[in-house]
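Following are the structures in question.
Both complexes shown next keep subunit A, but they swap its partner, so subunit B is in the first and subunit C is in the second.
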Partner chain A sequence: MSIAKFLTKRLLQGIFVLWGVVTILFGLRAVSPGDPATLMLGEGASRELIQQVREAEGLNDPVYIQYADYVQGLLVGDLGYSWRSERDVALMVIERIPATLELALAATVVAMVIAIPLGVISATRRDTPADYSATLFSLLGISTPNFWLGLMLILVLGVWAGLFPTGRRPVGLGPAVLTLAETGSISELTTWIHYIALPAVTLGTYFTALITRLTRSGMIDELGKPYVTATEAKGLPELLVRYKHVLRNTMIPIVTVLGLQLGTLMGGAVITETVFNWPGLGQRLIDALDARDWPLMQGIIVFIAVAFVAINIAVDAVYSYVDPEVALE
Partner chain B sequence: MVDPILDIEGLTTRFFTGEGQINAVSDVDLTINPGETVGVVGESGSGKSVTALSIMDLVEDPGKITAGTVRYRNPEFAASIAERHPDAVDGDYVDLLAVPKHVRRSLRGTSFSMIFQDPESSFNPSITVGEQIAEAVEVQRRATTRPRSVSARSTRPEYRFSDFLLSTVFPSRGYVSESSKQEAISLLEQVGIPDPEERVGQYPHEFSGGMLQRAMVAQALAGEPDVLIADEPTTALDVTIQAQVLELLNDLQAEFGMSILLITHDLGVVARMCERVGVMYAGKIVERGTVSDIFDTPAHPYTEGLIGSIPDIDTPGGNRLQPIAGNVPSLLDSEMGTRCAFADRCPKAMQRCLDEPSELDASGSQSHTAQCYLVSDGYAEEEALPAGYFESSGGDS
Partner chain C sequence: MISERIKSNLSESFTESLLPKLGVAILICIVLFAIFAPILATHDPTRTGYYDDSGQPYPPTGTSYETQISQDGEITEVAIEPSDEHLLGTNTVGQDVYSRFLYGARVSLVVGILGVLMALAIGVPLGLVAGYYGGRVDDVLMRNADVMLAFPALVLALALIGVFGESPVFVPDPIVYVDSFLDIGVADGMPTAIPIPGTVTIVAALVTWVWFARIARGEALSLRSEEYVKAAKSFGTPDRSILWRHVLPNSVTPIIVLATIQVAVIILLEASLAYLGFSGTTLSWGYEIERGQDVLRTRPWVAVVPGIGIMLTVIGVNLIGDWLRDALDPNVDNSTRGA
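Here is the complex of A and B:
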């Protein structure tokens, strides 16, 4: 199947999934208790005012008309207005994407850089102290709760050792890079790195541990296959056997997990963002839930769903590169 | 008489597993002359493959070569390592079991190469066949541009992690050079694969089994080895394809003059390909000789049994197949005991076979030897074990 045909097919499937998400979200909102107009205006609002808002927001219309209005709005990118702040939801989502994306990618980079070499060492030196340490590390990493790790890192490295700043970051990656381009000063960029380090490690630890284990077990599986012996028999340097041949085949399950994880992280790491006061989508989602701000909540979740679907299509496309036997299907 | 290219003596390989020590290969002697095809024949589990892997130094944990010498004749190689490893060198010969791992590694591909049983699992499924063959070419190319004398002396790896990282960023800095890729095409052509230009870019799953085995032969030839070890090269193939692959090996041997060590359970393949044969049973070579020695005057009852179990399609109505009764014995040290490992399946087992197996003994000609009292002392009917002896004594292990 050609790549274009593959993408078209997956896009259509993706649209179907998104439609499902939107419909379920709308349904939940329709059956959830509480009158939106009252929520918006507060308990003390007059009956006339509430009635006026209900009319203006279309809340008096039959549900199917509300649904049609909502879907129609989504199709043109209109996510509605926040009940709380009365700002455009699309804008409120977009402005939080960079921070979330930066954190997600930083955590992924931390994980890959540590986990893959660790997994390879662990697998190729099985039952040595190096392997035991790596296995212990990944066990700890998988079982450490995020919020605890984050708080400990803040306490130990931030407060006690004073190595990393605590509190909300003063600058994002975009502005920092702009400053670098304009003035040649890297101070903002180093500030950014200082602020993202602890959240990235916190968010990446579980992921690191997971990928370490996957790499280790995958490598061990692969190393036992006949082609490894055959490749060694032709005199190829051991390093190439391990990395070019074995690791490459081990990457197949890793790419899957990577994609799923990245998709999840795009929804914002709710706990990590809360602990570090990180201005990402996760934090905004929590705020929206607190305030029962349905349009904002819906907007964020729709965005998460879109990101998830898109990343998974990308992962499937990468598959066919990593594993030629997986034809694009 | 020519000096052998490979002279193996007393090769012993054991596996140290949780259940105990497994004597996979015990005291195997084998010589291979230049340009000759030597067969090693036996049932599965008789230690044939481990013998091959021991020669290649590819025995995997928990296996270890515990004794023996593997002497390889190569004057240039001997001279290049004489200074650093004088103990391993004897004239033109080098004892491969006495040199360090990295030196043995440097011989893979260029001095010894190997063809495996199942081509489909012996190629990496996610790298193109052409690239994998080109790798073998590249190994040879780098070995010739970087003389052995240098590689034997330095322990520094010729390919480092930084090289690998570079190659992931810049594909042009990869291990395999463009000329090696071109060479891979002509190798594919040489082994009779049509459309080699197109085939090099294909993945193993796009090849048929027979084509893939040809590609494996091409890969094994890339390093222009002195000795080609073929481990059951035709077992996984259809009968018609088997004949083609054997034919191909014959042709290529005539062209390049390498020696072939052919490991198989198929006596038909042996008869077709080999000059000399060793029959292996329970990790030992129990009989050796020329092909006509083995087929015309088999001395060991196991060899007789093997030949008896070849279907005879020439005699109409035919004789019934005569399988060898019983199973391959356990190679677990604790269960092996000291008796002849074939005694419990042997139709002519005698009392003395239980005490100690016979040594290899001359039988007829100088080159034909068998490890059996029947050859050295003859059959003594009064010593014969009563029928059902092993069933009643629980196998005497």
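Here is the complex of A and C:
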């Protein structure tokens, strides 16, 4: 199978997955209790008004017509209107994307920067105090609920030590960079870093721990292979062998796992945003759930699914380029 | 099934290393806390109470809270500091933090174990069938599994709970029941039933079964070309008994390892859902942390204590999982730790 054919196949599968998600969501909404018109208008609304809204929203149509309308709307990017705020859902999703994206990327950076060196040290100095500390750290990391970790960070580093602010962030990355470009002042950018530090660590800790474990076990496997002995026998410097050859071979399974764990990252973002009052998609999703605001909830989940499928196809594309055998399998 | 070699591997790695022992010790403590919560607790974990600034019960015994509050107006102080009466203080509605810590262990363990058992019941048969028969059955199952694995479990769980409600299930407390005619030392007024978050348990199984299906499929796929399976087939043994008597017993070890890891994952998932307020029971460590968040600066113990409970339980389970994995099966790796 050629790479183009492989990617076409993945794209079709992705569309199938999205169709599945959309249909399941529509089904859940159809069986969920509560009349949408009453939810929109509040308990005290008159019967005539409720009937009017039901008619206008197409709620009196048969279910299959409602489904067709919904899917048709999605195809042109129409996610409907929020029941609570009556705003355009697509807009409500878009305005929250940057904050979540910043958080997810910052957490990934934190995880990579800490975990890979830690895993390498742990694997190359097995059974030393350094290895034990790294193992203990990664055990704690995969065992601590992230919302609790976030609260403890707020308490210890925010409240007691006073090192980090604990309120809602005053500025996003976009405006901060704009200020830098316009006035040359980096003060907004430093504020941004100050505010994102604790959430990024909170979201990133689980992944740091996971990647440390994966790097350690992967490196240990790889270090036992004959080519390592051969290159060392040839007299190549140890550091070069470790970082250029061994680590590179270890990275392949790590990237695979990271792709699989993307869902965990998104779930973690929902929690982290709630803890830190972070103005992202996750917080908006929880608000929508609390208010039973179905169009908003559906819109956010559909967006997450689209993002997920897109990222996975991108990962596959990179893979089939780096390692054409993947596509041929 | 469990061979002599595996048994010796297990006991060898247990005696050689400190960590498995630590894990077993922690988990035994938590399990004992959970079972004997009604005996170990000093207060009814659900009983609210209010206290004045000096830590005296408020209102004084004999008067109801409602009559007293209408005389005195607003009460400012609710969560009180750790004292002889309340070992770990009280939470924001005056419930005993120590007693709630003990009862919280029950919810975490029950949801973790029941969730995994349900996930096993769904995932293992599907995975074995898919791997054994292959072809279209396999394609359909694995395509679905990919969708499930891909989707953020927490988001899916939230959507399902949004539809089906939280439906807590009240289970009679066996210890209190035994005490009612044997007097084994349960204080008066302990709750006679404990709430188990019903939807959360089912949802936990629904979002984790795919991991079991994947593992079982892989095992069945490699076992179906083994000589003894082929031999059984040539005798005309029905597929159902081949799967049940030959394939399943030989796939047991990786499934056990995965099940242990998933208990930890589900405990964390329950805690997260409870923290977000979607668990259906207030006797949950996650819920308690949410309540402590508002008074984090002034009354940190309210959030700190249940968090330590979750952390210790999950560490215990993970240490045992690591031990089993290292001793039994190096093929189940950390990539199966998703939720």
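The definition used in the following text is that the second predicted complex is superposed on the first by the 305 of 329 C-alpha atoms of A that agree within 3 Å, B and C clash if a C-alpha of one lies under 4 Å from a C-alpha of the other, contacts with A are read in each partner's own complex, and residues count from 1 in each chain.
Here, contacts are C-beta pairs under 8 Å (C-beta built on N, C-alpha and C of every residue); 3 or more make two chains touch, one makes a residue touch a chain.
In this text the structure is predicted, and so the values were computed from the model without any measurement.
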Touching partner for A:17 - first (subunit B), second (subunit C), both, neither: second
Greater residue coverage of subunit A in the superposed arrangement, subunit B or subunit C: C
Touching partner for A:145 - first (subunit B), second (subunit C), both, neither: second
Subunit A - residues contacting subunit C, complex: 13, 16-17, 20-21, 25, 28-29, 31-33, 139-140, 142-148, 151-152, 154-155, 159, 210, 213-214, 217, 253, 256-257, 260-264, 266-268, 270-271, 274-275, 285-286, 289-290, 292, 297, 301, 304-305, 308-309, 312
Complex contacts: residues of subunit C adjacent to subunit A: 143, 146-147, 149-155, 158-160, 162-163, 165, 264, 268, 271-272, 275-278, 286, 289, 292-293, 296-297, 300, 303-304, 307, 310-311, 314-315, 318-319, 333-335, 337-339
Subunit B residues touching subunit A - in the complex, by the definition given at the top: 53, 56, 58, 60, 105-110, 113-114, 116, 118, 121-127, 132, 135-136, 139, 143, 157-161, 164, 175, 203, 205, 216, 219-220, 222-223
Residues of subunit A touching subunit B in the complex: 225-227, 229-240, 243-245, 248-249, 322-325
